[in-house]
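After this come two complexes, each holding subunit A, first together with subunit B and then together with subunit C.
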Partner chain A sequence: MTTAPWEGQKAQGVLSARTGWIVLAAVLLVVVLFRPVAQMLEPTPEGVKVILWHSQRGEERDTLEALLRQFNADPRNVGRVYVEPLGVPDAAFKDKLMRNIPRGSGPDLFVRPHNELGELYAEHVVGEVPRDELPFDAGQYVGKLLDGFSIEGRLYGYPLTYKGLFLFWNKRLLPGGPPRDIEDLKRLAGHLPAGSFPIVYDATSLYFHSPFLIGAGGTVFGRDGRSFALFDDPGVGSFRWPGEWKRDGVLPPEPNYNEMVRLFQAGQAAAIICGPWYTPSGPVDEAHEWDVAPLPNVMGRPTGSFITVEGVYLSARSKHPREAMQVAAFLAGPVGEAARLQKLSLPPVSVSAYARMDANPPSDEAGRRRNDIVRVQRAALEHGQVTPNSERMASVWTPAMDLLQASLAGRSFEKALDDARYTLARVDEVRPTNVDWRPYGAVLVVLLMLGTWQLVVRVRRGSAAGEAARARLTGFDTKSALPYLLPGLLAVAVLVFIPLVVGAGMSLYEHEHGSFTFVGFDNFRKILLPPISRLLQARSFYFALGVTVLWTVTNVVLHVAIGVVAALLLRPSWNRLRTPYRILLILPWAIPNYITALMWKGMFNAQVGAINVLLAPFGFTGFNWFDRFHTAFTANLVTNTWLGFPFMMVVTLGALQSIPSEVEEAAVLDGASRWQRFRHVILPYIRPALLPSVILGSVWTFNMFNVIYLVSGGEPGSQTDILISEAYRWAFERGQRFGYAAAYSVLIFLFLLLYSRFTSRLQRAEP
Partner chain B sequence: MGIDRARRLTGLHNRGCFLMAPMILAVQHRDQVTEHSQALMTPGLTFDRVGKRYDQTVVLSDVTFTTQPGEFVVLVGPSGCGKSTLLRMVAGLETISEGTIKAGDRVLNDVPPQERGVGMVFQSYALYPHMTVRENLAFPLYVKKASVADQQRAVQEVADILGLGPLLDRYPKQLSGGQRQRVAIGRCLVRKPEIYCFDEPLSNLDAALRAQIRVDIKALQRKLNKTTLYVTHDQVEAMTLADRIVVLNRGVVQQVGTPKDLYTQPANRFVARFIGTPSMSLIRGVVAGGRFSSGALHVAVDLPDGEVVLGVRVEDVLVLSGPGATADAASQAADAFQARVAAVEPVGESGYLHLEVEGLQIESDEARAPGKAGDGSDRLMASVPGHAAFSYCVGDGITLRLRPERCHAFDVSSGRSVRRSAGGQA
Partner chain C sequence: MKPRTIDIVVTHMILLLLSAVVLYPVLWVLKLALTPGGQLGADPSPIPVPSHFDLSNFRAFLFARDFNGNPLFLYQLGNSLLVSGVATLIGVLFALSAAFAFSRFAFTGREAGLKLMLVSQMFPAVVTAVPLIVILDGLGLFGTTAGLVLIYATASVPFCIWMLKGFFDTIPRDLEESARLDGAGSFVIFWKIMLPLVRPGIAVTALFSFMTAWNEFIMASIFLDDVTRYTLPVTLQQAVGGYDPDWGLFAAGSLLLSIPVVLVFFVVQRHMVQGLTAGAVKG
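Coming up: the complex of A and B.
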């Protein structure tokens, strides 16, 4: 067969291969040269560079950078050492440290709260600080601040300031002065105007609960500093109190952080437990009704809270430790301390600073308020505990939160306590044993070879087929297309394919403290074969699977039912009112669905949410939707249905247009009722259109993370979490168990793959 | 069933006898059972100033006529004349903007379609595609919650009538057009309605089948003896099937009458041109002293002086010279005129000669302005026996005359008939 004259001709002109390569090369050149050119344009100072990482914003960042500039400008430092700050997002900070420093590429110094020290120490990220390098003598530090930076007697950081909890109180509701004792607050219940409460605070958080834990005499760890004592006597009794207080009207029904702040600012709370980051605004501030006070006594004794100490750490792999310590000492020293007190009202760390403060009372209102806030935090420090810096501390927050939530919701405390103890006990599970990777590697190689061979066969077959041959005839060949396709292909490979493969691969590893251990199918075994007693509890795979399936089925049923009914209702007026209907329909889709989820969460708010306001005649005021499984599930369901039914409605409307009107008229003449017409005439016509939509919709709903995470947040106690949000939590909220979460994702993927296989067979079977 | 029996039964000698023989047999059987009640069960329809409007567009106006019980009335007219709309108004699928429609004494205007006792056969048959033929036929009874036994019986009965036995478990898409039409008719029969409505049922069939089934439907209707309204755009169907025809054009009834009435005494030029194949030729000319002339054509007519449009059918143009000439050529020389053959159309039994007459002002359908002969508009035609047509060539001269007593005359501006042909007086 002779080649036609146009075969083999390459595309010419603007779209030729050459142009493509030139453009690609130019783009790469710009990308590569950008940094060096930018560096060249901005000269770097002389001397040793000390890099400092922080995650501060706003005024705190301004103050820090001003201090560092001051250091750089100091004539003793110019030309010898200068410090360069770098802001790093808070959420990723720890990760970045743990990844960069062991490789020698991280900062020399970083500013972090002390409670991460345990983890950082375990990762060998922090360097020891000799005690004589501290700007103040050890004894000069107020309270037990240095404990926060000590591990086994060695010091690893410079304290900068600390934060503790204290009381903001409403002078109008408490004319006799701030509450001295918890009993005072309990007595107030019932004597306040409706809608007001004696005390508000984020009662689901262990951090805000700490004054009561400490007041009851509880501690997080036992004497040895390792074993958990959080849920033992005497501290465990304090976990019952929030539930009792809520029932007695001492606490409001939905005690989350934003709600508490709102209540206090509206003047509906006599007192709020909060920290120095908070400044009341709104009505309570405009009327000058608030003041600060130390925490009330618990069981007759003064109490404090968990104290967080902010400090400067030295990197374990800093190349210039001497210079770095110089900078750190400056920051943590008297100059820095004074600046932080003056500009940010942050408590100083040295006893002498307090003496100075007492000796020179400020004249202005703002100054007095500042000193009061500092003093109440010192009280919190004196009677409280520096939050333990053990890495095991990270595991206590979630079970504590569960127990507090159970107490607030009025669920069985004993059972919730059991669960909490169990969760803690799992923290000390056996370390993963390394499994031989070689058999897995062999299987992988075989699979890869098979896959590549299949791919080549299919590509060969495809390029010999009609369409490809025709394309070649008209002058489109692969070589000229390559430079234009390459960026897209790379993007797909990097953003889609590689994460998929890496994720699947990660499921074969166990991740702990930044190191991955190959464990083969152990993750899957743990997920699919948990202890029998835990099989149907929340947070087990099967429970989540059941909830997910229930979630998907109910959603799809509702979407289709409401969508079809709405389509039938809209059908007569569709032609006339098409534009307004389209606008109304686009709105739910145009708004990003997480914003919708947040809107609905607000509507389900226990006190002021629109739902409870509308249902007030039925006694729904103050009803907390997220206390029980079926109400929380309903809230999620309502939100997702609102989001999802327009899709089904539009699909049905389109299908309805295709029904020949004569068939419907024949049915009318035959005497069929509306329901009979729907079932026998309309439904068979829309079924072929609905089936693919139902399949799509069910896959989307199965993985609907936004609604579950944002509306119910998985409450109560992770019972409304679906598989995908469970996977998220395992990865990011329960100790970075990436391997475990990846295994979850693989299971979800397999499940949906089977499902789509099954449904495509259904589709083909359609007559 | 033997072919002889089928032929005898149906009176047909074509393939259609097989189609319709079973129908007729079973209808006869049913007749015996219900004969005495049939005559009472079908009302006549009365249309009283019926009109239909969609927003500002008037689709039908002032439709008034009456049908007798059991009559086969055909609504005919060009596309868009409103005939289907009128039919659908009887069935209840369209609302009635003005006027009333009565079935017997019962006013149908506000009665829902299901309760009117009207059965309809749609142009596209409108079978339920997701049900088998059996389920399609049973559907009218199924929705009335008849017992399964009743449904089965009725389906079997209709299937026997229409010969649908082997098709009962098939789906509509597995059937041919003719079979689907029978199912559609069957579904209509199952309901035993009082009035039958057919909406162009033969339009979707091929020409051969159409010709056969046309006759068969007529036979069926005679047996059923129910009032039937039949809509078509094909005037041949109308002429074949109807007891009476209602001609519609642009929403206005042009004429109501028997096929013979419409053919021999058209009320206006529209009906004159619409009915009959080939169409009547309309010639515009002047009457002076009892004589009509248009160019070289002249004929003696009994009309007042003035401009008039003369209508003449092909069979009334007599050829006086040449092959196929008619006998009384010489005696009528006074009205003879010359023409030239412009085209020859040998269509079988007869042949048509298209004629060019000098100065003739012949009118085409839509235009009011006269078109000149020879510019492609309709021509005067004469008919000769089929074999004779082959003897003519284009350009041949020919002598013709018109039959004056069979000519129609229409008013130039209104188009209405001003004189009925004498031959039409019964």
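Coming up: the complex of A and C.
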């Protein structure tokens, strides 16, 4: 039989398809193996490798890397020691440190602000630095920089630079020069054009409030460095001032960071309190109307602010501390200091650098401005306080913010003060007492025995039944099923069952500072039975549960509504554009959802987001969507609805195809209106198909971590966090509280289990 | 049924509005990607048509290098392919015979087993993360590629069993009946009859499992510390985390990463919905 011409072509076609796959597979293999092979073939440089972690970006990162390359290229170091930096995202930095260093992995050095020292010290991740290893003499350091890195007199870091707050002021609104005293600014109230204010700053932040706290003579801790003095005299009075100033028109009605930037750049703020990371742009810059000045006097005396010192820490478990200290000393020494001043305008740490600065005034405008910014920060350092590095400091930010918010909102100051003091008092809670595990162990053994007995009974009963006997005859019964099930069951047992059991077990432990303590049901008690006053606040289980339920319901309702409407509109055959519409409308489902979430986060960005630009005619310029619960929730909702309606649309389209046309035609002939047709003909047909999808969709939404975490990030203050993102934060962001997070997960799991029971009963009820 | 004019107008109006809402963010991202420096300036216009045509963001994403000059994009692409590929392989291989058993055999615990698969899909990865990380840490696999593969395989196996069972269910029984009458044992039926017929189902399941692992970023960002071992989603998310997000770089990266995913999705989606809803209805 001769081969027909088209048969030969088909054979050729098969060949080229096969070659195509082979080529693709080869390309993919090359890409996959590229890194491992390249890393194997790379010659490892001679000498000790020092790993340095940092979270810097942009120009700071470039400057740091240039300095490190300089170190590596130095002939004294080549062949003996070299440093390799790694950029780690800021938000995850501390947790990564805590996870790695106690296990002996992680960096030798890391660059972090000084105020984290207390926590790092408590976790035993920092190593002591002998004072004679510092690149400058101890006395050569400006102000109290070394105090920032000291605990009980021992030094743990090398200061690199510091940041302080100062004034940016408007030369047009203050023709007489910068305000010397806060009273000057208060007097301006009412004398400025409408919409302009004497001073704007982020009045709910303790950090920006610090100049006033310090000016009033307040401190965070008492003499012993442990007891809280923040809400005691004389500092506590300063917390009333923002409220008074707002009422007197000294502060605008919404004194937050974005407002501060917006008003100043529009030329409507006489002075703002900000730091070196900010450079004014917009009209105030174009008209050359701004300048910098030290903070104004408070109560007749100069004041400073909380100072943050950036420095290099040594890991407690570094395998090469000598070499690591060499790198650190270079980075923190005169070469690094000069580079940071020249390229980044960061204040130097040695007294001699300032003397040099004063001796050689720069000739250009940029250089003069740079020196001014450095000098005003030095003033903030001289009259201010290095932010206390105690780990107890972490507890003061939120109650201080709450108190400032209460002052601004005009709520009862006394009550808010009580709340704040109560919060601080709870910080010194009793440590978990060691609970005896034996009764729990006994109960577990009994449960296991009962469970095994039940299992055996059921298997016996199952194998005697009729269907099972029939199955044995055909060779498709339990015994023959075993070898097929084994690989899958093994994988599930190892990968799913074991983690679940370990997770459930972990919920009975408390994980602190790297070790587990058995606490019985204490975690569950803390989650399910919090103090009544905290019950309905953010970060409580019930609050998160409520938000999650609200989130799920609103999403599912919107997804189904939009999906069904779109499907109905795409149905009629007269619509020639059906297919292009359909393909387009599936697009949100196709895009990976973390990309969608980040995309929408960008669109809701206060400064450059598309949403605010579109809504600018309605006054949305600079509107911060993530400041309030209902706007942050809306942002999440919009994102997830954009993501989720295509799924419902596609399912409905499929279900609509199953409606027999005779039934619909009959309805039309009977004269049924469109709404009646929908309710009595279409709906009963699509309901059985929609129901499983709605259930699936509701579970997906309930667990939609990516959107919540990436779009609103739980802001404001964890209020938009759903149960699953809360569990995540307890595990990975609030100090490795693995036991607590595991208890949370068990509760989520139980809730979903109940929900699946309920929905399968619903499904069975469907005719 | 001849449509009324009002029907046509309303239908197209609503569909056009929906299409605009769908397209707007995508075009806006495109505009961001083509704007150098990722800043839209002090006066961003709401029209999502690119005003510049600058490829520097794409270049920055594709040719990023780390401190030692290693080509990051290539490394991370390889990592993503490796991790997703191996996790999918594990998932499909281990799931195949088990899915066959669930579909064709009658054994004790069959219903319970199916329910377990379904429930374990409801249990999100973030929640099993904590015990998994503790376990992997104990095994010394923390921060390694192998550890991440194990984490992804965790979600992959139950999902593959469930989906593959659905595909096995669609194969009519008469084929096996006749084979059994001819004296074929269960293994012959599995190997020679079922597997070849369910090949498209395997492809769809593998693809979906691959996509899930490919798009996963949260476990990867917790787990990996070495930038040469990052997978692509981690890099993308880091571009806009922190205090000075680089929106231009992010936009370029998302476009580059999304296009292949979207294309594959359009090819696969018809089967996916079938598999998901059919399985759910039949139970």
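What to note about this one:
The rule is simple: the second predicted complex is superposed on the first by the 401 of 767 C-alpha atoms of A that agree within 3 Å, B and C clash if a C-alpha of one lies under 4 Å from a C-alpha of the other, contacts with A are read in each partner's own complex, and residues count from 1 in each chain.
As a working rule, contacts are C-beta pairs under 8 Å (C-beta built on N, C-alpha and C of every residue); 3 or more make two chains touch, one makes a residue touch a chain.
On a predicted model such as this, the values are computed, not experimentally measured, just so you know.
Of the two partner chains, subunit B is the only one touched by A:P660; subunit C is not. Judged by the touch definition given at the top, the superposed model places A:L587 against subunit C, while subunit B stays out of reach. When both complexes are overlaid on chain A, the residue A:R368 reaches neither subunit B nor subunit C. Judged by the touch definition given at the top, the superposed model places A:H680 against subunit B, while subunit C stays out of reach.
Using the contact criterion defined above for the overlaid structures, shared-chain residue A:L569 touches subunit C, although it does not reach subunit B. Within the superposed three-chain model, A:V668 lies in touch with subunit B and with subunit C [touch as defined at top]. When the two complexes are superposed, the chain touching more residues of subunit A, out of subunit B and subunit C, is C.
Look at A:K319: by the touch rule set out above, it reaches neither subunit B nor subunit C. By the document's definition of touching, of the two partners only subunit C reaches A:A727; subunit B does not.
In the superposition on chain A, the residues of subunit A contacted by subunit B and by subunit C overlap at 668. Residues 1-3, 7-8, 11-12, 14-15, 18-19, 21-26, 28-29, 32, 39-40, 42, 44-46, 48, 67-68, 70, 74-75, 77-79, 81-82, 85, 90, 93-101, 104-109, 116-120, 122-124, 126-132, 134-135, 137, 142-143, 150, 153-154, 157-158, 161, 180, 185-186, 190, 214-215, 217-218, 221-222, 225-229, 233, 236-238, 240-245, 247, 250-251, 254, 257-258, 261-262, 265-266, 269, 273-274, 276-277, 280-281, 283 of subunit C are the ones touching subunit A in the complex.
If you check the complex, the residues on subunit B that touch subunit A are 91-93, 113-114, 118-120, 122-124, 126-131, 139-140, 143-144, 187, 191. Taken together, the subunit A residues at the contact with subunit B in this complex read 660, 662-663, 665-673, 676, 680-681, 684, 767.
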